[in-house]
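Read through the structure below, which is laid out as structure tokens, and then see the notes.
In this document, chain identifiers A, B and C correspond to the written order of the chains, with residue numbering beginning at 1 in each.
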Amino acid sequence: MTSRRSPLSPLTPQSPQSPQSPLELVRARPNPAFTVTFDDREITALPGQTIAAALWSAGITSWRTTRERGEPRGVFCGIGVCFDCLVTVNGQANQRACLVRAEAGDVIRTQEGNGHHE
Amino acid sequence: MVGAASALYAARAGLDVVLVDRGPVAGGTTGAGEGNVLVSDKEPGPELELALLSGRLWADVAAEPGVAKAIEYEVKGGVVVASGAAGLSALEGLAGRQRTAGVETVPVGPDELHDVEPHLAKGLAGGVLYPQDAQVMPTLAAAHLVRLARGAGTTLRTGRPVTEVLRTTDGAVRGVRTPQGDIHAPAVVNAAGTWGGELAALAGTSLPVLPRRGFVLVTEPLPPRTVRHKVYAADYVADVASDSAALQTSPVVEGTAAGPVLIGASRERVGFDRSFSLPVARALAAGATRLFPFLSKVRAMRGYLGFRPYMPDHLPAIGPDARVPGLFHACGHEGAGIGLATGTGHLIAQALTEKTPDLDLTLFRPDRFSEEGV
Amino acid sequence: MNERPHLAVVGAGPAGLAAALAAAGRGVRVTLIDSAAEAGGQFYRQTAAALGARRPQALHHQWRTWERLRDGLAVHIEAGRITHLTDHHVWFVERHDAPRGADGADGPGRVADGAGGFTAHALLGPEQEQPVAVRADAVLLATGGYEKVLPFPGWTLPGVVTAGGAQAMLKGGLVLPGRTAVVAGTGPLLMPVAAGLAAAGAKVAALVESADPRAFVRHARTLAAQPATSAAKLAEGAQYAAELARHRVRTLVHHTVVAAHGSGRLEAVTVAALDGDGRIRPGTERRIPCDSLAVGHGMLPHTDLAQALGCRLDGLNVAVDDEQRTDVPGVWAAGETTGIGGAVLSMAEGRIAGLSIAARLDSRTPDVRSYQAAAKARTGLREFFAALEAVYAPPAHWTEQITDDTVVCRCEEVPASAIREAVDELGAGDVRTVKLLTRAGMGWCQGRMCGPAVAGLAGCAPEPSRRPFARPVPLGVLARAGETDDQGNVTAY
């Protein structure tokens, strides 16, 4: 099984100008954007994006503080293995932001500690 | 754990101690334990006396500088609950006998159960609170007892399997052989736990220690004191005392200092089979969610298993072996080895220094199973 | 769900897809179970459909191969030969004992060796609360791998992500970790990640690779021994190099990240050159401002399901025979879970497994000639990747860079000092004892992230950790998992 290469190098953009964003690179035409809230602040998300992707798009890189030291954390492994990106979505704690897809109206909150409130 | 405690008390009694293990510290059953220091699950008799002695000694050790925190020692108390009237009256009967033997017991009515343990299921018949029940983190406890023992002059030799018990021409013990060299000593203490029978065989004698497998489930971290005590169902005591080889599970639920809740307890005699059993995990989860319904939404993150050193009469072997001069045993504590370690170590040190032991060791005689006697 | 598919394939990456297509093409009914919303695995991770990517191949390599897999899958799904369960996270595969009265007669059909079939237990959706059970006569584990990252001061700062994670977020959600990225660590993944980030509009301030170029020379003979393999791989490498050059990405070979800096989030990294012994060369440290760091030190296989089934491991990988069979009858494994080697090797192994399963389920011995080409590719690629592993190595003295206050276990926040104390003062000499004494590896990720680092600090070889559940499972689900009815059948949830 030798791999056959496509005649066009796939990462070569067709225009001489390099794309300025991933959306531009793949010439995305996303479905209409919607809003979610993060700690009561409204942010825009694109359908299909995970919570983590939506937060990154809004320039937010941390949404959890650790149990012991209270340190900020966000995405680390990006594929659901490390559990660093745990977040509270619509009241549900310990959701992996890199797996859960954003839905219109989601209420996303920074998760503090173990996420369980008494 | 028992070896660590034996080394500590023997060293503090002035003996020159070498602590030998084939693996790391706490590499055997200790590392797979829950760290129970219990009086609640024992019928009056020699084991309960040993448990009461051990509980006092654990409190003494924990009072030494820095130890309580380091080993996560907590006198959290145990709560035994009964689901029906019959179970409750049996439980109250047991508690009455235990009270006579010196155990503190507090009856808890059905209306008071939720003050004691807020997340318990509704509709339980009642329970008994045992304030003396305590918990330690077993691996930390063993490691810190080893640290204290080394402070008292003990030499630690890990990663050294004992391949032979050295004996003189007249049969007395004179040390052990390891691949890294011989260690000479006029007395050898067998604290090999579930593998104590194998060590006894190396010394030319026998000890009927059998593995009794147990699984523990561990949940995601929860807020402190979500589950406040060690909570278990009244049928647990009957399971502990059972001789059956078949699988038995009775729910035992407790919180830990670090946050996760531990869920036991299963017992089955299947040799040293390390394969994970979904039916056992299912039974543990079912039992725990019956006691604490909120747990059904809580995630199990992992599970582990261990092999309790089971003895046919459920009593450990503690003391000199009359068949082999110089050989002492301190093993076969089944699921109570962490809790009973301090008392056992203390009694072994007394036996080694030929003092009168604080407890009568007759019923713990290691040679009690051998028909031919000496 | 009362259907009884013959084969359950866990994982819809290159290995699982190749196996599913090969088996389905020979009459096996297949249920393909995968945690993602769309097939592809990590290598061919698809952009979410709603994002409307009209040129998704701009983020991928070997797109033609993907099109073949994708179209083949669609044909089999349409024909009812493959059921594709997306968003299903398998947490346990249960092996059933043979029904009473079944004879355990030997024969070519090893599957029939007394095994009573399997149930794959899964949790539905990203929330992972609803259970689903899938019955099967045989199982293929194509669970893939995940990235290994060794700690350094500052590695827990937001903005520090795994190289594969940066790529996954880019491919799946069309997002970048920041404006200015540094890509660092070691391994063949770093170049495509750097090229991908640059192509998508990030400024890649540096690609920092710790491998020593002289190691390539030392292994040149092995690398060249498989002409077809290495020619393809070298062409791939040259292509990435050209892309990096075009985006003016500076490549620092035989360098390493010493520390990440920032308060609350990443602001800069310090990199330094390595000397011949793999130590930091004093005076070469320099600070590179950046808001993201994509870092990785190679890959590790996912072996939890295989281990819980009792499959033998060879080192960290699931051990398989020439037909990709594990030593547990009825269980096959293919792809990264049997050893890290990339997408092409995964597809070769998957194809062999699929053909073997089709034959064995039909009580036949597979015809070796039917997968000769795949077997040849497998041999070549395994040798090639063994040589690559020797070339791409973290700095020999990487543990010396871990300061005492560096958090090693990210979940339980265990600092390096606690691990060193457990080893030096409390008698721990292995990963399990360190874990029990310090809690390193006891948290949510179950030691997947810190395992290699703990082993390194304890001075022992990395060892596979036993994890009975491949994913956390709600106790309420566990309490009912695999319940049987009066006839001994597994009840659907």
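As a working rule, a residue touches a chain if its C-beta (ideal position, glycine included) is under 8 Å from a C-beta of that chain, and two chains touch if they have at least 3 such contacts.
As the structure is a computational prediction, the values presented were derived from the model and not from experiment.
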Quiz prompt | A-B or B-C - the one linked by more C-beta pairs in contact | solution = B-C
Practice problem: Find the most central chain, measuring centrality by the gap between its CA centroid and the centroid of all protein CA atoms shown. | Solution: C
Quiz item: Per the centroid of Cα atoms for each chain, what is the distance between chain A and chain C, given in Å?
Solution: 21
Practice problem: Could you give the separation in Å between the centres of chain B and chain C, each centre being the mean of its C-alpha atoms? | Solution: 40
Self-check item: Whole-Å separation of chain centres (CA-atom averages), chain A against chain B
Solution: 47
Exercise. Enumerate the residues of chain C that touch no fewer than two other chains.
Key: 412, 443-444
Self-check item: Interface hub residues of chain B, defined as touching at least two other chains
Solution: 220-221, 299
Quiz item: Where does chain A touch two or more other chains at once, residue-wise?
Solution: 67
Exercise. Report the residues of chain A in contact with chain C in the complex, numbered from low to high.
Key: 1-6, 9-13, 18-31, 46-50, 52-54, 56-57, 61-62, 66-69, 71-84, 86, 92, 95-96, 98-101
Quiz prompt | Touching residues on chain C, where the partner in the complex is chain A | solution = 35, 37, 42, 47-65, 126-127, 146-147, 156, 158-162, 164-170, 172-178, 195-196, 198-201, 228, 232, 235, 239, 243, 247, 264-265, 344, 347-348, 351, 373-374, 377, 407, 410-413, 443-445, 448-449
Quiz item: What residues on chain C touch chain B, complex-wise?
Solution: 92, 94, 129, 308, 310, 412, 422, 425-430, 432-433, 436-437, 439, 442-444, 446, 466-469, 472-476, 478-483
Quiz item: So in the complex, which bits of chain A are touching chain B?
Solution: 67, 94, 113-114, 116-118
Self-check item: chain B residues touching chain C - in the complex, by the definition given at the top
Solution: 23-27, 31, 139-140, 143-144, 146-147, 156, 158-159, 217-221, 258, 260, 263, 275-276, 278-279, 281-282, 285-286, 288-289, 295-304
